[in-house]
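Encoded as structure tokens, here's the structure I'll be asking about.
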Amino acid sequence: MEEVVLRVLKEPKVRNPIFVEGLPGVGNVGKLAAEHLIDELKATRFAEIHSKDFPPQVFVLADGTIKLVDNALYYFRAKKKGQRDLILLTGDYQGLSSQGQYEIVDKVLTLLQKYGVHELFTLGGYGLGRMVAKPGVLGAATSTDLVKRMKRLGVQFREDEPGGGIVGASGLFLGLGKLRSMEGVCLMGETSGYLVDPKSAQAVLEILCKSLSVTLSFGSLENKAREMDRVAQQLRDLERKSGEKSGEELRYIG
Amino acid sequence: MEEVVLRVLKEPKVRNPIFVEGLPGVGNVGKLAAEHLIDELKATRFAEIHSKDFPPQVFVLADGTIKLVDNALYYFRAKKKGQRDLILLTGDYQGLSSQGQYEIVDKVLTLLQKYGVHELFTLGGYGLGRMVAKPGVLGAATSTDLVKRMKRLGVQFREDEPGGGIVGASGLFLGLGKLRSMEGVCLMGETSGYLVDPKSAQAVLEILCKSLSVTLSFGSLENKAREMDRVAQQLRDLERKSGEKSGEELRYIG
Amino acid sequence: MEEVVLRVLKEPKVRNPIFVEGLPGVGNVGKLAAEHLIDELKATRFAEIHSKDFPPQVFVLADGTIKLVDNALYYFRAKKKGQRDLILLTGDYQGLSSQGQYEIVDKVLTLLQKYGVHELFTLGGYGLGRMVAKPGVLGAATSTDLVKRMKRLGVQFREDEPGGGIVGASGLFLGLGKLRSMEGVCLMGETSGYLVDPKSAQAVLEILCKSLSVTLSFGSLENKAREMDRVAQQLRDLERKSGEKSGEELRYIG
Amino acid sequence: MEEVVLRVLKEPKVRNPIFVEGLPGVGNVGKLAAEHLIDELKATRFAEIHSKDFPPQVFVLADGTIKLVDNALYYFRAKKKGQRDLILLTGDYQGLSSQGQYEIVDKVLTLLQKYGVHELFTLGGYGLGRMVAKPGVLGAATSTDLVKRMKRLGVQFREDEPGGGIVGASGLFLGLGKLRSMEGVCLMGETSGYLVDPKSAQAVLEILCKSLSVTLSFGSLENKAREMDRVAQQLRDLERKSGEKSGEELRYIG
């Protein structure tokens, strides 16, 4: 078995497409954003990726059937002027090892090159370690021209941030893509890093949509955000109660 | 040395066989079940599998001779109407790494395909984290048709269970097999997950036997179950005594 | 670079040689024994083994020059009747991973086969977790015939020991060698497992020498044993003193 | 993707060059020294190395653009009599695994051989676990001749130091280079091992410069050293204050 198995199920009919990646990571921001984009654009699944560097795992779906963990590629054909064809990547996991990460990204880039991709967007979260009311979007890009263009769309560029660079597929697609003369932007939604963050995913998508001349409904993402707000509230309640209880216990002991 | 070395010792004479896998895992349910099936059916060992992804280890047998850790394949030829030929897999270990798991399962599937296998049963345990008096059998399958058929045999399908999917060979055989158009079912015996569980293995086998039109004696498995009951009782006694003792100690201190 | 690089520096002139392996492990028994055998027999270094699975490390020798960590092969030509030619293996490390262990042993076995080796002795330690005054030698072998022969030389075979089997090169040479129709014995010197144990190495060698019709002086090994006795005594003294001190402190506090 | 990708951007015009390596490690001594040498000599970047054994990571530069983590090779052409052409290596990371370390060093050595390199200098730090006012430079070499020559330049050679040998690229270049008949010296600047140590890097460079007949300005390195002195002073202050505070707290409690 090859390290990475890329099965093209159906040749995508795309011309000069832009690539968008969103895989699991900090706050699951990238994956949430990419999945929402795929759903709203009704993009077509055309290839799936299996890898020895994913966990040896199947998921069990609601109907009792199994699904081997994978990554998948989708395409979207431009519907109106100003839009561009898109190829989108999302999935269950990133490669487990450094080796696998390089291998998977490299293999996908080879395929993208075949389809004429020259521009990449990678989506992710930027963990702040504190709750964020209104998440901003931090950026990084392969050229100063792209940095300027992104600034005009409201993307923030802060010196020395992110301090540890960008680790994983979102960084690697830009890094290895640049070696193939591709241009790319990473959009990182600010997030606490503690919980799945649909609000941050929306912030990222709002900027991406401006750049891609795409209009999306954010209803389902807003529903998820409200759900997460409830979860966060429950956690805070639990914490407060456990605080009170331990307070009582202390009084009792005292 | 290849990653996985599959040595066929003897060509199995099988026609349209069904594959049954049971390797070490939660409660050792899968391995216990597969070994019992192999013993009772007097299945013939015909191939052994060594892998760089197994531990570099030999076992020392009772007579002082060594045995390199391995997995082995057995075959069984249908004895009466309604039965089917079988190929069975069990062994000492699963692959240690994600890479090895994929590699081993993939190599075995290639061999199975050569022998005309289209249907897979994988056996395992489903850890509940609490003692189980009468273990049920949870299922997952490659198609909704198979889900229905298994339900009729008493297999339970519960939405969102197992929550973490199926990790290891039992999941991977179904997942990678499906990519080769094989159909498959995973039967997971409920078990505490704390102890080796022959009762759970029997529950799994009772369902499997119905499906395969095979009749087994469960005497030796029931003996093992009684032995494990004694072990469990001893553990409970030990716990109770240590509880009493620490109680005494507390009184003494008090 | 290949996974394992085996450089033959000089073709060994051997006929039907017996192979002896002693690499680092429990109590360093195997390595001590193999090195002593090589020194006393004035065996000739004829091949060195480098591997990506050894640490990326050089040692600095007393004269300031470096030496890349390796394993090395030596040969000895029979000097008198009853003796056999020998090929011996020792070195700085065993492979760091399961993969490397299999790869290295497999590559060495291929070379041994070329030189006509059919019999293997692997040397190691058997950790008891307590001090051993007079270490016995535990055995395991590839055939019941060899078990019998070794018993006559004083090797002990105890059912269910070692419980965890034999892990590492000493086990793997027998296990993978058996697949190549080689016969082999593993000799394990009892040892505490806490300290380097020249006494245990001597016990192993005394049996090996009987089997190989070789006579060795054990002077240098006995010197090392006395040195280790001093180290052990110092450790006991330290422990006793620290015990007394804490006793005093307790009295002081009391 | 290959394990190690070595992209030569521009053929270096060098004759009989000496190789100098300085990668991240203890006190970052090697990397600091190599980078200073490259800056001061205005050496020309001519090749870059990417590897699946580096982290899957890009850095974000001050202008918002990204840079895939790498190692890079530079060359310097001799400017005056007594000097030699140089090839220099530095970078962001060493290989993450033993495998990768061997692979990367081996691949670079193959390239160096093509360019006619026969002599190697590897630079690193030697961690003492205590602050060092005036760092000495410890050495190791591939021959006793080189040891003698280095002693005359002030390099110290102490028996049994470093006790654990030299781990990583600095050791491996000498070890694997020696197998290719290259001669080499490792220069290790004494350092605490706690902080980045420009003073130690300067000590290493002063010796290297004598050997290479190169004159460098150390201004920028001395600036970094003063900066690190301030950092060290701040740490000591913090420690003292926290000591006082806890003292106060103790008095307060008391």
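First chain written, first letter: the chains are A, B, C and D, and each begins at residue 1.
Methods note: a residue touches a chain if its C-beta (ideal position, glycine included) is under 8 Å from a C-beta of that chain, and two chains touch if they have at least 3 such contacts.
What you are looking at is a predicted structure, and each value in this text was computed from that prediction instead of being measured.
J.: Expressed in steps between touching chains, what is the minimal separation of subunit B and subunit D?
T.: 2
J.: Using mean CA coordinates as chain centres, what's the subunit A-subunit B distance in Å?
T.: Spacing between the chain centres: roughly 37 Å.
J.: Where in subunit A do residues touch two or more of the other chains?
T.: none
J.: When you check every pair of chains, which ones turn out to touch?
T.: A-B, A-D, B-C, C-D
J.: Using the touch definition up top, name the residues of subunit A that touch subunit B in the complex.
T.: Its residues touching subunit B are 1, 7, 50, 52-60, 62-69, 96.
J.: Any idea which subunit B residues touch subunit A in the complex?
T.: 95, 98-99, 101-103, 105-107, 139-144, 147, 157, 159-162, 164-169, 171-172, 174-176, 178-179, 186
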